[in-house]
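To keep things simple, chains are lettered A, B and C as they appear, and every chain counts its residues starting from 1.
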Amino acid sequence: MSFLEFVEGPLWYVAAAVFLIGALWKVVGILRLGRKADLSIPRASATAGAVRSQFLHFVPHGGFPFRTIYHLTAGYMFHIGLFLVLLFGAPHVIFAQNNIYALPWVTMPYWGFVVAAQVAFAGLILLWVRRISDPVMIKISDKDDHIGSWLTFLVMLSGCMALQESVVALRATHMLLVDMWLIYFPFSRLMHAVTFMFSRGYTGAFFGRRGIVP
Amino acid sequence: MNVSAAIETMVSNIDASAASYLDACVHCGQCAEACHFYENTGDVRFAPVYKLDLMRRVYKRHKDPLAGLKKLVGLVPKELTQTDLDEWSELIYDSCTLCGRCTIVCPMGIDIAGLVRKTREGMVAAGVVPEGLTGAAERALETGSPLGIKPETFRKIVAEQAEETGIAIELDKPGVDYMVILSAMEILNFYEVIGALAKIFKKAGVTWTMSTKAYEATNVGIQMGDKAVAKTLVSRVVEAAEELGVKYVVSPECGHAYSALNWEGPNLVGRSYKFQVIHILELLEQLRVEGRIPTKGKDSRRLTFHDPCQIVRRGGIVEEPRNILGQIADNFVEMSPNKEANICCGGGGGVSSNSNAEKLRLLAFGSKKRQLDEVKPDAMVTACGNCRNVMEEAIDTYEMTMPVLSITELLAEYIED
Amino acid sequence: MTSRGLTRFLQKLGCAGVIVLGVWFGMTGIALNAPAFAQTQDPAAGSVPGDTKGSTSDSDFWRSISQGERGKVSIPDQKAAVMINRSGEDWRLVRMGPLPLWGGVLIGISLVGILGFALLHGKFKMHGQRTGRVIPRFSQAERWVHWFVASLFILLGLTGLVILFGRFLLKPVLGADALGAIANAGLQAHNLLGPIFIVAMTIMLVMYFKDNFYQKGDFTWAFKGAFFSKNHPPSWKYNLGEKSWYWLIAFAGTAIAVSGVFLIFPTVLDDVRGMQLSHIVHAICAIVLIAASLGHIYLGVWGVEGAVDGMTLGYVDETWGLEHHRWWAEEEIKKNHAVKSASEAVLAAKKETST
């Protein structure tokens, strides 16, 4: 078995399993902690609040967009670029169709891939740079923050290095890093990609009863 | 100091919502932008997320569903120590008013103030609470008021107000519709509100009373994070109201009092009440809409409204005060930001009774001051005795001249005779 | 693009295609015919071989083609009249010889110089005690942009070095296949990140423009022995060295950016000699910047005690400010910025960012 076959075969399945089972385990574990029933009389619907909160926190409101414009821009650049590359990049779509499920899917042209990747890179680097140059960020950042950023960065860098798809070793490196990223995911803050919904939801429900969603 | 009790309490405080919060936080640091303590001091420790660090460590070590596996590879944070609790006492009590503004800016929508409150409960278990708050709690348990106002004093103050307005105020009267409770600050400093209420209620034909067993709305237990104290203080009000058989208890112009009685109270006493809680702003608005309090004339001063955090952002009463002011003020102007994004006075959440925090509280007022400097109102109206007291002191300190008014008192002035 | 422009573009594209195909077939033809030709012809010197018409022998004919002789074509693109571009060979000789040699020497001198200096002289220590009072030096925005450019510079620098020196340094160790993979990877990353660098660098140059003009006193600073003398001579916010670093980035960086665009988008220049020139300019400027950046990194991070604070935290200790940039520090202290604590500096830096 070649190295590429290993990282795209057994290791990929292990990583995907750790990712899925780990994330599921975590979500179930968190939800199972439960919450005490609130005996106070609600002014409005908690469910409506939970739904509203999901959308409300996509953009900071209440006078904050300007004050956090740097972070907002970099954050969106990174996430949008990443999702475009991940979901519509031709090599990714083909890999998913071969290894997960052959769903018909659209792909971006090559130049779209490159531009999306550039946007994502700029965003991620800017976010990381903020982490090392803002006194608040220096104070609050821990190992997990840096490992998460670096691992994601390396996944992206190895990916763009393999962009020409002509060298097997580069594809294998990218895949190895992807596998590592998947395994790291449930144990780290990368989990925010899932738990953000619950976080927003609980706050929305809590405040929804009070008739306001901040 | 009982560190393990603190850890135990914090562990038991982590429910599904707290776990989601602590898991979703990516340390993006945007909450710092929302915090008036950070904004005015530049002290990075005051970034709201950093205040949650004890809670985060407890969660990741003890409650994270994958904590067991992570422990095997040494990926869990260190256990809390005495030093940690001492260090965080300042962050948890002195530099957080539980105003909850940071939630607005949080991309994960984390209720940071709620988590600070849960950390406070751990601090209480460990016995690391600022003296100002423990003192207030002791006085509240002994005398019935955190400021030590005894029933005799209360009677005297009410009698004076009755005399001044010429309206009889009957205490401990059973069978009326409304029982009014007041915040300690109102009884001691802003007692004119009693006369104002008497005048308004007389005009509206509302039957009401106050109890000499439970006249105090302030709940220092909620502020310091002591559920036992909070429960005792809420129970007093509940028992007195149910004994008198009133239909409603009127929560006064006080931020935490409203949270304590309306939102947390039923959960503290473990049942719903036999009466309803109505906030004074809700009641006044209701009477206004029903046309029961006709007013005459309008205030021509440039007025603005300071939103008390616990009543507006965390209480859900947003438009009522604006509607009321709409009826009696000619020249109303909003500060920016306002409503659910308002800026705190700097003294909520027990900070005003915590002498360690005095300097910080005055510094934190800087954000409010900038808001006021932009709008330049002649007077500021609010609906919280504590906000009022804190802001009056800060306004003096910054050598500004601006009266801070109670909305109830202002309304009473314009009631048709 | 107008329809006429489009037509013209398509025409050009078509011509380019024809040329490429022509060259391709030509080369294949030569490659296929050459051995046969060599076999059938008597290579005896002096005689005119084959069925040559005219006075030029076939070998002379081919020789002049290989030296870039221009022939005649009937298509509009006269470039096609040159079958073998002689300048390509010149470029290849430079790229394989003096460029990596002297580039390597320059970077080597820089490294050895820094290492020697670090060993012999050691750190520039602060003479006085830290006061705890600080002076804001770089605003939040300035720091963000600096580190943004810095991280991209490192990525591009490393990948670029691999591309230029890989065949000399890595190939003997790793072998041709591994170098092929690494160089391919490096080039992909280099091309992808390059455009981001151009944007970032432009923002940085604009942002740092203000204090980087040479001023009276800069040269005195240099004549008085720069920071090598016992008592640092005073300087403004940036000393002569720092200002020169700025202008080096401004000029070499711009040259790198422009030549880089030509290299990624060959159709922009549409000229082989231009491409060759672009490549040489790109490489030379990059090597100069890399060599200089090593000094910048050493002095900024390790070499000068207290300097890195300015770029990480945004403020420097008053002692550091007065020792290294006395005129600037005095001005700042006079201005408002009588900043007493780190947290006040955070506030000052925030204010500067928001205005």
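We take it that contacts are C-beta pairs under 8 Å (C-beta built on N, C-alpha and C of every residue); 3 or more make two chains touch, one makes a residue touch a chain.
All values reported here derive from a predicted model rather than from experimental measurement.
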Which chain has its C-alpha centroid farthest away from the centroid of chain B?
C
Give me the ID of the chain with the smallest distance between its Cα centroid and the all-protein Cα centroid.
A
Result of counting contacting C-beta pairs for A-B and A-C, higher pair:
A-B
Between chain B and chain C, what is the separation of their C-alpha centroids in Å?
60
Averaged-CA centre spacing for the pair chain B and chain A, given as whole angstrom
37
Residues touching two or more other chains, restricted to chain A: which are they?
67, 130, 134-136, 138
Touching at least two other chains at once: which residues of chain C meet that condition?
342, 346
Among the residues of chain B, pick out those that touch two or more other chains and give their numbers.
44
The residues of chain A that touch chain C in their complex are 67, 70, 114, 117-118, 121-122, 125-126, 128-130, 132-136, 138, 157-158, 160-164, 166-167, 169-170
In the complex of these two chains, what residues of chain B are touching chain A?
14-17, 19-21, 23-30, 32-34, 38, 44-45, 47, 49-50, 53, 63-66, 69-70, 75, 100-101, 103-111, 114, 262-267, 270-272, 276-277, 312-318, 336-337, 340-341
Given the complex, residues on chain A that touch chain B span 22, 25-26, 28-36, 38-41, 43-44, 53, 56-58, 60-64, 67-68, 71, 75, 130, 134-142, 145, 186-187, 189, 191-192, 195-196, 198-204, 206-207, 210-212, 214
Which residues, counting only chain C, touch chain A once they are in their complex?
140-141, 143-144, 146-148, 151-152, 155, 178, 180-181, 184-186, 188-189, 192-193, 195-196, 199-200, 311-314, 342, 346, 354
